[in-house]
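Think of it as A, B and C in the order they're written, each chain with its own count starting at 1.
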Amino acid sequence: MIAADFTTTLNLNEAGTEMYALVSELYPICRSITGSGVRETLRIIQNRIPLTIHEIPSGTPVFDWNVPREWNIRDAYVKNSLGERVIDFQKSNLHVVSYSVPVKTKVSLEKLKEHLFTLPDHPDWIPYRTSYYAENWGFCLSHNDWMRLKDDEYEVCIDTSLEKGHLTFGEYYLPGESAEEVLISCHVCHPSLCNDNLSGIALAVLLAERLGQMKPRYSYRFLFTPGTIGSITWLSLNEARLSRIKHGLVLACVGDSGKFTYKKTRRGDAEIDRAMAYALQHSGWEYEIVNFSPYGYDERQFCSPGINLPMGCFMRTPHGRFPEYHTSADNLDLVRPQNLSDSFAQCLRVLQVLEANQAYLNQNPKCEPQLGRRGLYRKIGGETDSRTQELAMLWLLNRSDGSHTLLDIAEESGLEFGTITQARDALVHHGLLKERSEEASSANP
Amino acid sequence: MIAADFTTTLNLNEAGTEMYALVSELYPICRSITGSGVRETLRIIQNRIPLTIHEIPSGTPVFDWNVPREWNIRDAYVKNSLGERVIDFQKSNLHVVSYSVPVKTKVSLEKLKEHLFTLPDHPDWIPYRTSYYAENWGFCLSHNDWMRLKDDEYEVCIDTSLEKGHLTFGEYYLPGESAEEVLISCHVCHPSLCNDNLSGIALAVLLAERLGQMKPRYSYRFLFTPGTIGSITWLSLNEARLSRIKHGLVLACVGDSGKFTYKKTRRGDAEIDRAMAYALQHSGWEYEIVNFSPYGYDERQFCSPGINLPMGCFMRTPHGRFPEYHTSADNLDLVRPQNLSDSFAQCLRVLQVLEANQAYLNQNPKCEPQLGRRGLYRKIGGETDSRTQELAMLWLLNRSDGSHTLLDIAEESGLEFGTITQARDALVHHGLLKERSEEASSANP
Amino acid sequence: MIAADFTTTLNLNEAGTEMYALVSELYPICRSITGSGVRETLRIIQNRIPLTIHEIPSGTPVFDWNVPREWNIRDAYVKNSLGERVIDFQKSNLHVVSYSVPVKTKVSLEKLKEHLFTLPDHPDWIPYRTSYYAENWGFCLSHNDWMRLKDDEYEVCIDTSLEKGHLTFGEYYLPGESAEEVLISCHVCHPSLCNDNLSGIALAVLLAERLGQMKPRYSYRFLFTPGTIGSITWLSLNEARLSRIKHGLVLACVGDSGKFTYKKTRRGDAEIDRAMAYALQHSGWEYEIVNFSPYGYDERQFCSPGINLPMGCFMRTPHGRFPEYHTSADNLDLVRPQNLSDSFAQCLRVLQVLEANQAYLNQNPKCEPQLGRRGLYRKIGGETDSRTQELAMLWLLNRSDGSHTLLDIAEESGLEFGTITQARDALVHHGLLKERSEEASSANP
């Protein structure tokens, strides 16, 4: 079980630095929902955790979808009649609309503009656009560059391939005491965009790494998949095993400096929802909790009505709410090591609650047990204040009727979770509390 | 089913003008809970809708009550010793306490005053008073006129009859696709009072007329009954058929310029309560929703514990809350065509929600279906904003697990009901949604 | 049943004076959890109510505890080398830590100070301390006196006995129409402390006395027990009979001038919780309602998970929230007759609600019954305002479907409880309402 004192045993600053370094290492790679960019990304992750890499052939039916053809890009540019690259994939992989079909042609400015995307409100930034499921091609560029384009004949070259191949994703299973699982998922399909979602990747990697050093109660499964089609593919391949998943988090946009945002599961009252709310309340950080909605990241799939996993989404600033979202400004400046390490700490706090959140049975439920003769209570009576440890024990004894978990008791009492678990330890040690599950199993020999 | 676009196909201004004209036509008639005034009123309504007129004999037992004797009035006055009519029924039918017994006598001022009712706080207005169930007689007059009465011998004449006859009410049944009914009720027993309740009568008539031009899913039943005894009589005669009534509204005081007031059903969480709340929230008009209470209009009977129909009461300013209530100032100036037409539009909005409020089943509940290949989703990805139509489809797909109706989804998503129904149409067209009831019946061949 | 008009028939001022006199009479006695102080206290209470006094031998096992040895004190002091009593039990029984073992020795100042307790923040006050379950001895004194102690050899004398004996508690059972009980409990173990809890004792005594003059529906049981061990002992001895207890109150700190504080039962939604909340809302007094927590008075035991009685705790300022708490300043000045009488009145109001809080069945549930012909309704109709009595009758008729009690109806309607009970009387008299329980029994001959 994750120790209550993990925040002191773990070096959070170091974790932030490591996550930022990983983001930096992955930043230059041109990822899409298939292709060599994803493979290269997963290989780098394998340097830290023993990821299994799955390759699913194009055309494989996955629920209502089919695994698409694999897309790879070598080069792309638009040259003016002087032979100058006025748009150049080598300078930024955002310049090419993802999944653009191969093109080698000459076009007028007017014709070219039908394939150009810009952000007039942010004239220096390059937007990020995709066309996965409609055959098309296009370039993204800054609006300033767009305005500088003159009437001319342009040479357009998109040196891509869109062919039968594979969809690639990574999976890491960390076994715990129980076969019940916590699922951590992040999307790995975005090119040079840091907050969305190299930050989520880095956070998942560090969680996997550090949880592997503890002895968790739950088993943990980490998914590094292309957005939408990747999670659909994984769900399709693993449908029979989904009942093992007791809690889950989608990680995205966890490196910017905005407050924490937690989007609740479709169920709205799952244990992960309550654990996250409790941990945020006691975090001292600013945060917002929002209800589930069917737009966003892969919780769209995990929380579809026929899947309905208890998966929330943990973010700092949500998609579409920061101006740099899906632009070249979502770069290494937007993400900070400190933000990453705070996100890491917050996730560990939540997991700490989930790991410990069991229900107990008071073994002496009629009146209070005599804590004093067990050395658990003050010797001199009459003082004004109750002591926190005693209070935690009294709450545990009063509520441990089998229908209240430690989280219930922490919420109701307003006490820190660590205080509750310490009091629990003392009462279990003296035989005054017993895990409900143990009680149940001993009652059925 | 009522089309989502009714507000554009219906000419609301014209409806307001027509309702006001009907109020004006009915205004001079002296109505009471029985008698020729009610009959004349119902005959005028028959000019617009094919009302069935029921005549129930005096003495008929109806639950704890008996149909009272029929009351008719020809003339009434108080003359002073000079032979001048100082109170004259011919000038205002409010002057006579309704159900006054016949009187032909001479009395002193002192004795007369025992039978006079005024409103000292509104000295120009004549109050409206009744004495249905206690044999009595009386006059109502302005306080100014009352103060001008001098010591004198007065001739009192009330030329009424109170004899075995009938209680009269009107009923119009508009069949829809289903035998399930929506009940619309209004009281027709008040004399020359416009807001209470010629406004409610006019609104019911226009709703009946215009719904008859649509092809509603529900059947609609319109009741034009005297207050209290009329609804009790109808309920007593129709008890066996009440289970067909799925929703209902009592209409009263819908022509003044106050904000909308909706009084919830006794159940407090009926579908009509939620549909009205949703439609008011999205109306852009000021409104107030109040809990059920057992005082008011015929919801007192419809929502008695042994009847307990899901009937709310739709008003602008409620009874007793506007100073003109039950006085001669509740006249043709208090009611405005625009107010009537807004009330009409609001009722239609609510009915539109009820008509469409079905539950659907997502036919592809595991992960999202691929909307793109069906032409239901944008072709270029990566943009910041979701589009309303796509969002509505995603909400519908996510919540259509059989336990959420369109109203549930509209409430939760915050989207306009029309947006939801359009998205529903698209998804049903592509076979992605199916009505729950169809699903159920096809599963039981 | 307690009449609705008790507040006029009872002389509340007189009750306040009597309670204050009882507090004053009990004030000098040195009480602890066992011993002659408790016995003397109970004998004084016997002057007013026929209390049964129980003596439970030391060593008797009571749930997880054992009845402790009996403690008695004759004298205690600390003398300086001049033979002057610098701390003297004869001046205040708070000077000795309760349950101090016998001591007769000479000690240095340094050694003495290990056994001294003071309140530096309130240098004039003597604290109250206990050491029931750890063998120890000590003195409490004002911090000013503590600072005046000089280096010296001190003679310490604690002339106590701690021997096999008995735990003593008092119980008074007042039979009502029903065998169902209301339990009223207060602790009698504190020495010269007025608010905590001579005030609670005095309130319990007056309630017992005055309820004995009425003919209550419920039976009432009054407990005067030492805190914690006393209630544990009583619960242990009476476990089989606990199911009779339908409501209960722990009384403590009811004589200070703070606002009322009601601490809810462990269940949180017990009838006593709702009755108290309603009675406080309509009291006109300032109050606060707090959730159950497992620290406080004997509700800790009554509301332990294996006992779980519907017992709340009625206080003015709670333990630990007034500076005089557990100090010599909790004296006869802190408690005022008016505060005691207001507490008394509030308790009676709550009991009045509980006594009357039955569910009725409308005998004419289909539409309203005709109240007019029974003389229960105004004769002239048309007025703006409903009358309170009529409104109360309409509420009762509408909600008396067997699932709403008078308290439910009072809460929902916002009407005064006395108005509701008067309307109930009228409707019962006319056969329009019948008690649900009578209905049930007449249906099962």
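What to note about this one:
Rule of thumb we're sticking to: a residue touches a chain if its C-beta (ideal position, glycine included) is under 8 Å from a C-beta of that chain, and two chains touch if they have at least 3 such contacts.
These numbers were taken from a predicted model, which means no experiment stands behind them.
Per the C-alpha superposition, chain A sits rotated 120 degrees relative to chain C, a value rounded to a multiple of 5. At the chain A-chain B interface, residue numbers used by both copies make up under half of all numbers present, so the two copies contact each other through mostly different positions. With centres defined as mean CA coordinates, chain B is found 54 Å away from chain A.
Along chain A, no residue makes contact with two or more other chains.
Residues of chain C that touch chain A in their complex: 63-65, 97-98, 117, 127-134, 136, 138, 228, 231-232, 235-236, 239, 266, 291, 293-295, 300-301, 303-307, 320, 325-326.
Chain A contributes residues 362, 364-370, 372-373, 379-386, 391, 394-395, 397-401, 412-413 to its touches with chain C in the complex.
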